[in-house]
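There are two complexes below, and they share chain A, which is joined by chain B in the first and by chain C in the second.
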Partner chain A sequence: MAKSLNKGAGKTREPLFHIVKRPTIPLWKSWVIRIIAILAAFLVCGIVTYLLVQRNPLDMYASMFRGSLGSKRKLWKLAKDMAVLLCISLAITPAFRMKFWNIGAEGQVLVGCLATTACLFYLGGKVPDAILIALMLVTALLAGAVWGVIPALFKAKWKTNETLFTLMMNYVATYLVAFFLLTWTPDGSSTLGRIEGVGMLPVLFGNSYVLIILVVAILTVAMYIYLNYTKHGYEISVVGESENTARYIGISVPKVIIRTMILSGALCGLAGFLIVGGLDRTIYTESVGGQGFTAIMVSWLAKFDPIVMILTSFLLIFLDQGAAQVAQDFNMSDAFPSIITGIILFFIIGCEFFINYKVVFRSAKKEVKE
Partner chain B sequence: MKYVLDFLLNAIPLGMTFLYGSTGEILTEKAGHLNLGIPGIMCVGAAGGCAMIQALVLAGNVPGVFIVLLGLLASFLAAGLMGLLYSVLTVSFKANQNVTGLTMTIFGAGVMRFIMAGLGQQNHAYLKALPIFRYPFSNLLPGTSWQYMGIMVYLAIIIAVVASLVLTKTKVGLHLRAVGENPATADAVGINVGAYKYGATIIGSGIAGLGGLFYIMNYAGSPEAYKSIETLGWLSVALVIFALWRPHLSIFGSALFGALYLAGSYIPSIPAFQQLGLPMSFTQLLKMLPYVVTVIVLTISSVRNKREDQPPAALGINYYREER
Partner chain C sequence: MSKPIALEMKNISKSFGSIQANKNVSLEVYHGEILAILGENGCGKTTLMNMIAGIYFPDEGQVIVDGEEVVIASPKDAFDHKIGMIHQHFKLVDVFTATENIILGVKDAAGYSRAEAEARVKEITERYGFHMDPHKKIYEMSVSEKQTVEIIKVLYRNADILILDEPTAVLTPQETEVLFNVLRRMRDDGKSVIIITHKLHEVLALTDRVAVLRRGEHIGTVQTAEADENMLTEMMVGKKVSLNIARSEPKDPCDRLTVSHISCCDHEGVKLLDDVSFTARSGEILGIAGIAGSGQRELLEAIAGLQHLDSGEITYLNPKTGETVNLRDRTPLQIRELGVRLSFVPEDRLGMGLVGNMDIVDNMMLRSYRKGHSVFVDRKKPRDLAMEIVENLEVVTPGVTTPVRRLSGGNVQKVLVGREIAAAPKVLMVAYPVRGLDINSSYAIYNLLNKQKEAGTAIIFVGEDLDVLIELCDRIMVINSGRITGIVDGRTAVKEEIGLLMTGSIPAATADQGKEEGANG
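Right after this comes the complex of A and B.
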């Protein structure tokens, strides 16, 4: 047996290439790789568009830029959409740093929307506006926090899988909204009109988007400080890296999980408050529209760094609005933006490999030996 | 009694959508990969199958057997391609499984909506093949709920039973489980870890893709049906936990999920329920049932913490040989 093994070993040649983990990579190099990946992805998008509608890819890129950055109105829309997406991404980031896979932001934001709308519906005009707005904010934060902390309690106590728990909570939230919509609209239409005139958020500089953008900008800086320069932020990182280490140095893991998910859920509730209070003024089951999932991409692509998330949220909103314009100009289905976003994300996800690992070919290794 | 039978004849076939999805996901998870792209993969499977069927229907004079076989094949291959993409990214490129999976779902749902919009321009001709997929009851008892008991219902059960036998009774299944539990040990005894991961993911994705096709061609049979597939796909992922990673338990679980999913629309039509005088909006709360039940099962299985009911030990962790 041993003999035959030896014989085999003699015959085995080294494989053509093998993979080595890079210890470190200079920052500029990692960004060069990412930019190459994004450019390659845009090239593929151009080819795909050409195959679908036989149109010049350059027209597509032009249409994409026009759609997202083409006019003052579009720039404001871009900034507003970015702010909302960034807000949700910031909300989920502390949980993800802790390796708590919260894919329930969708539901946490939605219950925030629901709480805000409920305040407007039941109390609108009955209490002074200042109190109403304060109540809207507080209930939205509470609703989001409750929705976030339920899976966290089970995770902390029994290690219940949080990914599926939070996912299921999304649907419970959706049907809760459907329930209230039917209750609030006795005609059974389930479409609640915009509630205007009461509990309006202040308009700064003549544009209703400015307040939202400002709030999210402050939140971005605050989150950066919280995660990098506070004791809480440190504890989150340690729990994320290794629960055993955390226990060893005296951090109570369940406490950190629960505290972080209360914060994360409450900030999702804040996003819901901004969506209903500052933008939609009403609610539907699709109020969040998948942004809870997109936010995971924003956060992950930025390596959970709040400042870099400004860039990644811009990229995703740019893609979405640009591709929507392409679909409109080239007379394609409204599903086109999802396809473009998917292709570009695949490239970015794939390129991380070349940042973390190095491919070493056989000949290269032999030279090292000799 | 008639109500009960009618309910079961709707619930059980609907559940088969979940059964395809969960069987596929179980195979993938047994290889240690949590594929959150299953909803998107089911979408692509549906679109691929429908596109093939539409082409065959429009070509005319194609025997029914071929329409079914080629439709299934196209669906399996389209979904399998998505599985290949997932494997390249997570197995070879060692990308984060959750992020890759979520992207697969965004992408897959987009691809499906795009293709279905295209098929709609020719009036959803694939729906003309509906009676073939609903064979034999579409001929024997046309117009009744029996029609949902089409051929793909039995195929789903056969696939689940075969998957269960392969996992528990064969060497291939043993190796696959070893890869999912401890890839380093599996690698050390000479199992080709990468090949098993690729194989399980691609075959699993193909099976899940059939679920999407099943929902349109066998169950719902309407031009709008495709819009529900993503939601059903997420429930399939949940069913994996409900079934404790065992395909044969998934058969019963899927029927139960089908029943829970439909309960919200059936219970209000029961006379005894109407006498309670609850408001209409209450039906929306009933629709929470499948999700709430999943959460309860998830919690109970984690509280009991029995060793044989746990997910594969290396689930969600990419394997890199040189990292010990």
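Right after this comes the complex of A and C.
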């Protein structure tokens, strides 16, 4: 008893700290936490760089910024990569708002690429360019929509798991591309050369990237309006939050799932059209290069807000491009940039925990005995 | 007080985000007594007890067991200090027998011996007068049997301090009496029993002392012998409230909704509704009483177009045209398009009636967003409606753009009921509308229902508190396992009679007679 009297609440078995949910946090405070997290991430990256390669971390950051923003050409590349990633991210966002975990963007974009390439391959030079481009666009949208709606139909009818289903559809798309590459390249090389001169997308302001950036900018605003101010967008939110509520007020849940996945898939198809028609002019099985998965991160980090997604897609592309420059300048393996990107993302995602919760330490507690 | 102190709490505080659940609570529990923790829903009773049972950890304060200060960071710690809690939601393994559940997770020093364990279980049941078949599987058990298993589970772990969270919420009046006898025997055996409740008559019937909590604070502890209902109510709510609910005579009632012989099954073929027939009339509140899960939800959802029926008809009589509309197997949207003015306040407010993450405006829009041909939603009218409801129903909220999940239970319910009434319904169905609400909010809801009744709406009210049903409803229909066991007149009904109908222990003939009387009354 005497022991407990003078020690008060500070007994040995009491946990060192415990976690308390925060009341709503003011906006500025949450941004302070995020900025601290980014600074902490750069600090840790610096230490890691120093320990692994004994280089001055400041040099590394300089090289990182140079890699992403260092020249006009690099800025254009940054903007173009951002636009493509943002396009795919925008495409999956309606599905994600509906809590339909579409991780098949990779495949949906790839079939869009395939449809565009097929138009170029079979019809290039045989029809006027305007018609060819229109056909490329329409078939790409259709192909993406079909790829997206198949899992939606199964989900709506038989409640299949959309995560597995959309993931599997990615492999089907990859092998479909491999199959067509074999048919299209009689020499068996499976490498299709660039198809130039036909069905070229218009070059605006002397730069072929401008059209893509413009299309995605319009799409961003349109998606923001669609999700927040239209009846469809409202239905998507209701279905995502609670299917029971949706049923209760008479929204047909299967209808919304199917409609939204047609849209989501078609926009993935649009990304495929932009990649092949505006950039690559050819196809290979890695045409999408994992951006269908990176897009999930862009969308989540932005909490499914299209405007914030401009920021998050910039962040990811910036890191990617900067890290590649670091690897080149410092003569390091390709793995090193991935380590840096990983550390920074860990801090950015991890800080959300501190926005929602706070940690209370034992010593911070009031003595309760008078 | 001659009895020794078993448990002492000193200046316990706990908050969740901005909500302070407990504030500087100090409380003692003696050996050999039954203590009630009394308070309205949401006053922090369960939180306080969860801190003793090791579910939550207090932000501040001390717990002292038998004179020693202790730290309870997990349910295991609680058991080490001989504290056991029986939660509202049972934590049992369905496919195990009673005995298997009781001995699950106990580490015997001498190694596992089934025979020994069974002998101990038997000893406990005999000592306190439990009725339990130790070899029955949990999934075959009634709610009250499951509760018995939970209590024995705690006793088997040598608990000297037992905490029961709203133990009578799921029991019939008869089962409650059995439970109370068991608890009295435990007290006489020297154990400390703490029951969390908000039912005054139970407190008076069972306990030795009452500790009253209000908004997380300990208001005071009184000897039950010196307390009465008025005094305790005043302590609970802070000011005297009239316990009378106004009930007007129905004004020229006429049939509005006829349900005849409806039946439905779940996917395993178990009957959820079995040949249910009744009529709801305008200007009248029809109460539905029954033990939780007797088919109330399915019945309301069938009328709302959310439950597929195997047989039977549901007919709505349109008061304007005099036409009848068949509602069976229509979707909620079709029902509305047929001109049926049906509003429904479901039991699961945030999971069905509202969207928790959306603000009040967007929740208002759920009913009306389809109006017009524009592809865009119109938030102006819903915003006006939201402001009107916030003002008229005194909803406590920072603003109409606050997500409804941030509001307290009573305010959530006001938002939902307000929206449903705003649609000017001809039939209004409400399921457990005052569950989790404090007394003032409850009365606000009763008043709203009464106003609708005076406006000529046919109201179907599914409730759990028989006192309220008897005071509020014109007729009370009792449902048991999906069957209607009787319809009684709310003005002449007696609680015990309804209790018996709820358990289905009145023979069908008597029940039919009750139905006749109800129809005449």
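The rule we apply is simple: the second predicted complex is superposed on the first by the 340 of 370 C-alpha atoms of A that agree within 3 Å, B and C clash if a C-alpha of one lies under 4 Å from a C-alpha of the other, contacts with A are read in each partner's own complex, and residues count from 1 in each chain.
Note that a residue touches a chain if its C-beta (ideal position, glycine included) is under 8 Å from a C-beta of that chain, and two chains touch if they have at least 3 such contacts.
Since we're looking at a predicted model, the values are computed, not measured.
Engineer: Who does A:Phe179 touch here: chain B (first), chain C (second), both, or neither?
Structural biologist: First partner only, chain B.
Engineer: Where does A:Gly342 make contact in the superposed view: on chain B (first), on chain C (second), on both, or on neither?
Structural biologist: The first partner, chain B, only.
Engineer: Contact-wise, after the overlay, does A:Leu142 reach chain B, chain C, both or neither (first, second, both, neither)?
Structural biologist: A:Leu142 contacts neither chain B nor chain C.
Engineer: Answer with first, second, both or neither: which of chain B and chain C does A:Val20 touch in the superposed model?
Structural biologist: A:Val20: touches chain B and chain C.
Engineer: Check the residue A:Gly250 against both partner chains and state whether it touches chain B (first), chain C (second), both, or neither.
Structural biologist: second
Engineer: Does chain C touch more residues of chain A than chain B does, or is it the other way round?
Structural biologist: The partner making contact with more of chain A's residues is B.
Engineer: Once the structures are superposed on A, label A:Ser237 by its partner contacts, choosing first (chain B), second (chain C), both or neither.
Structural biologist: A:Ser237: touches chain C, not chain B.
Engineer: Find the residues of chain A that appear in the contact set with chain B and again in the contact set with chain C.
Structural biologist: 20-21
Engineer: Would you pull the chain A residues touching chain C in the complex into a rising list?
Structural biologist: Residues 1, 4, 8-9, 11, 13-15, 18, 20-24, 229-234, 237-238, 241-242, 244-245, 247-252, 360, 365-366, 368-369 of chain A touch chain C in their complex.
Engineer: Chain A touches which residues of chain C in the complex?
Structural biologist: 10-11, 15-18, 57, 59-62, 67-69, 71, 73, 304-306, 331-333, 335-336, 344, 346, 348, 350-358, 362, 365-367, 369-370, 374-377, 406
Engineer: Once bound in the complex, which stretches of chain A touch chain B?
Structural biologist: Against chain B, chain A makes touches at 19-21, 101, 103, 154, 158-161, 163-165, 167-169, 171-172, 175-176, 178-180, 182-183, 188, 290, 293-294, 296-297, 300, 332-339, 341-343, 345-346, 349-350, 352-353, 356-357.
Engineer: In their complex, what parts of chain B are in touch with chain A?
Structural biologist: Per the touch definition, chain B meets chain A at residues 34, 36, 85, 88-89, 92-96, 98-100, 102-114, 117-118, 231, 234, 237-238, 241, 279-282, 284-285, 287-288, 291-292, 294-295, 298-299, 302-303, 305, 311, 320, 322-323.
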